[in-house]
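Heads up, the next two complexes both have chain A, just with different partners, chain B and then chain C.
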Partner chain A sequence: MMLAFILLGALAIVGGVITIAARNAVHASLGLVGTLLCVAGLFATLNASFLAATQVIVYAGAVMVLFLFVIMLLNANQPVTSRDPVPYVRELAGIGGTLLAGAFVVLAFTYQDPRPLAEGAGALRGGTALVMGETLLTRFLLPFEAVSILLLVAIVGAVALVQRPAAQPDGVPDELEEDVGAPQERRQVPRPAALSSEGEVRA
Partner chain B sequence: MVPTTSYLALSGVLFALGMVGVLTRRTAIMVFLSVELMLNAANLALVAFARSWGDPTGQTAVFIVMTLAAAEVAIGLAIIVAIFRKRETTNVDDLAALKG
Partner chain C sequence: MPDLIAALLISLLKAVLVVLGLLTTFAYMTLIERRLLGRMQIRHGPNRVGPMGLLQPAADAIKSIFKEDLTVTLADKLVYTLAPIVAIGMALTAFGGIPAGPAGSLFGENPWVYNLDAGILALLALTSMGVYGIFLGGWASGSKYPMLGALRSSAQMISYELGMGLSILGLLMLVGTTSFHGIVGWQAQNGVLILFQSLGFALFLISSFAETNRTPFDLPEAEQEIVAGYLTEYSAIKWALFQMAEYVNMITASAVMATLFLGGWKGPQFLNAVIPGVSDWPLVWLIAKIAFFLFLFIWVRATLPRLRYDQLMRFGWKLLLPLALANTVVTAAFLAFRGSGGLWFLGVLSLAGLLALLLMSDRVRVLWNRPTVRRPESEAVRAGGD
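And then the complex of A and B:
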């Protein structure tokens, strides 16, 4: 048990370091996938089997696929080369992060379990979907329903945010409409003013 | 059985790593990835506390946090895509129109 914790914990930290240090965004997100899988393994060692499965399916699966998709869509895997506007930001962040980690570790070792660990682990009954469902549909019924509404709003919001603006009735195309998927017949309409402005955009 | 304190220490280290990422990375997507790391560190601490107290409430809270994180990622990435279409960049230094 201890060996599994040490292995998974070390791998999670390595994945986290890759996430924050890799120059290439794709490598960074793959590092985060590693961390998420290790955290799923740690959930399994903490008697939370349903959460371990959810972590793999929702986080390492759906969320990270979305991230990788957007990184590739925006071609954002190139490192930023311009100079940092804040002087010594890396060094300061490194010092601050080390201090924060140290503070958390010191704080963690002041924690005392309110009851013996084996007793607590037994009370969780393995953290299966049955246990989670009982809690979720009794004590957490209102948050559960609120989350379902939030998910609906998120779906509608995501669609509304990435929707392209509708074509103006006066027919002046903006540069957004021009680069992808503008209908063929609208391009053929001779419009010198629009064409010259388009040339400026392209230049 | 691994003591709760070890899990909490690991969670703290992961959280600090995520914070360093938020402070140093300059692409909006990478800042977002680091925020996900911090969320996971908090989730790990919650699950460790759930075992310590023998109460599945902590695990249920983690389940709800996961759902919220998925919704947040969908909206956040949609915002990043929309900004990229308008400004052709996701560098947070160039997106400082609201500063001050």
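And then the complex of A and C:
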């Protein structure tokens, strides 16, 4: 298990490096997929099977597919060669990254268990959906519900952003606009029978 | 230590056997499918190679191995090769967790390759990774039609994955475990779950058709519109690997439906009176149930026409998803308020829901047949063009 943990951790880092170093956006997101899968593997070696499965289903299986979807749809996989619009962005990112890495090193060496490791591992009980659900819906109920409301707000926001404006002038008089669902019935122009049959569907 | 190595070797052997079994089934599935389609359409189907056409799969295999393996100039070489491997790898891995008999029944060994507590979740995770095969294959081909096929398929599979996951949520709440063994054991005690979750089963069945890209949801390779979709630029063995992945996914979906809803590897209990212990025979029952579902896949293919793409998306989001949610809510309410009530009430509720859906089918059809957003520009074009 220890060996698997170290290997997966190293692979996750490799995936992360690919993510930021690859010139092609699709390759970069594939690197990120690899990292996410390795993190799922890390969860699995830590005996958190439910978390591992959820990580793969949600992040690798859905979120990253949507990422790739957008990259392919916008054909954004060409490398960006123009100058960065933000001045000194690389230098700033380098300083920020170094500070973060330093903070992690400090954390790793000064970390103290909130409770003994054996006790915590016992409470994990294999990390099944049962244990996860129990913990989430009792001890962490408020944060859990707050996150779900946050997601709901995000969904509503997304719908509001992409919705077409309702009232665009379209040149059709308003009294003719009532029956949107069955456009073929309101036309005065006679249509061939085969085209205007009852079961006709239109996009 | 020798014990560990022996266990490892046995696991490896079982994995190889499962892979061989799946690939042989795939090979003969293509033949059976073509023969059955031929029969349903009143024609012969392939019957020239060997007796009754039985050597046709071998001929096909030799052909696809020795055909020239083309790579398009604009293709992204690495991803182009990786895509079919991902597709078939995920498809084959997913099957291993499904138990085919009671513990220790297969020559003293367990008839499954791996056994996880997260059972069905792990399987859903692996099959959700299968999207990448199709998706990356379409992108890496570097031409337009495969790209369109890839975009279609990713949107389709993500949409229906939601419906699929939600439609078994009620079942999982009822059983209270995500491991396949727990689910099979529960059904052995309380009766098969299709009785109590008939609506959930119907939704899961439909989602499975969409997830495996089978008719009437085979939009990713709709040949009239986008040639062969993501497969257009593939040839020879890489093309065959994609086909393999599709059929293996079909077999896995059948096995999952059999395990979740039809009692899994356990046979009907009343047969024990005739032959003692017959319901505990390994492999037999699972294979029979898988065969039934595979036949269903072919039957539907011969019967139904393909949906249009916007119909497919509306069907998934406006009918499948809300119904799956409703099924979850009703099951949760039943579990919360059942007291000591029998399960039959849930069965009646679920069946009533399914029947109502069938009876109302003409009323709900507008949900996915009619557009919701009016598009003035196309309307004007149509009015002028007619």
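Throughout what follows, the second predicted complex is superposed on the first by the 123 of 203 C-alpha atoms of A that agree within 3 Å, B and C clash if a C-alpha of one lies under 4 Å from a C-alpha of the other, contacts with A are read in each partner's own complex, and residues count from 1 in each chain.
Throughout what follows, a residue touches a chain if its C-beta (ideal position, glycine included) is under 8 Å from a C-beta of that chain, and two chains touch if they have at least 3 such contacts.
Remember, it's a predicted structure, so these values are computed and weren't measured experimentally.
Taking chain A as the reference, the larger set of touched residues comes from B, when chain B and chain C are compared. Contacts of A:73 after superposition on the shared chain: both chain B and chain C are touched.
Of the two partner chains placed by superposition, only chain C is touched by A:56; chain B is not. By the touch criterion defined above, A:87 lies against neither chain B nor chain C after alignment on the C-alpha atoms of chain A. Once the two complexes are laid over each other on the shared chain, residue contacts for A:65 go to chain C alone; chain B is not touched. When both complexes are overlaid on chain A, the residue A:12 reaches chain B alone and has no touch with chain C.
When the shared chain is aligned, chain B comes close enough to touch A:104, but chain C does not. Shared contact residues of chain A with chain B and chain C: 50, 54, 62, 66, 73.
Interface of chain B with chain A (complex): residues 1-21, 23-27, 29-30, 32-34, 36-37, 40, 43-44, 47-48, 50-57, 59-60, 62-64, 66-75, 77-82, 84-86, 90-91, 93.
Within the complex formed with chain B, the residues of chain A that make contact are 1-2, 5, 9, 12-13, 16-17, 19-20, 25, 28-29, 32, 35-36, 39, 42-43, 45-48, 50-51, 54-55, 58-59, 62-63, 66-67, 70-71, 73-74, 76, 80, 82, 84-85, 89-90, 92-94, 96-98, 100-101, 103-105, 107-109, 111, 113-115, 117-125, 127, 131-132, 134-136, 139-140, 143-144, 147, 150-151, 153-155, 157-158, 161-162, 176. Looking at the complex, you find that chain A touches chain C at residues 24, 26-27, 30, 33, 40, 49-50, 52-54, 56-57, 60-62, 65-66, 68-69, 72-73, 126, 128-130, 164, 168, 170-172, 177, 180-181, 183, 187, 189, 191, 195, 201-203. Of all residues in chain C, those touching chain A in their complex are 76, 79, 116-118, 121-122, 124-126, 128-129, 131-132, 135-136, 139, 147, 150-151, 154-155, 157-158, 161, 165, 172, 176-178, 308, 310-311, 366, 369-371, 373-374, 376, 379-380, 382-383, 386.
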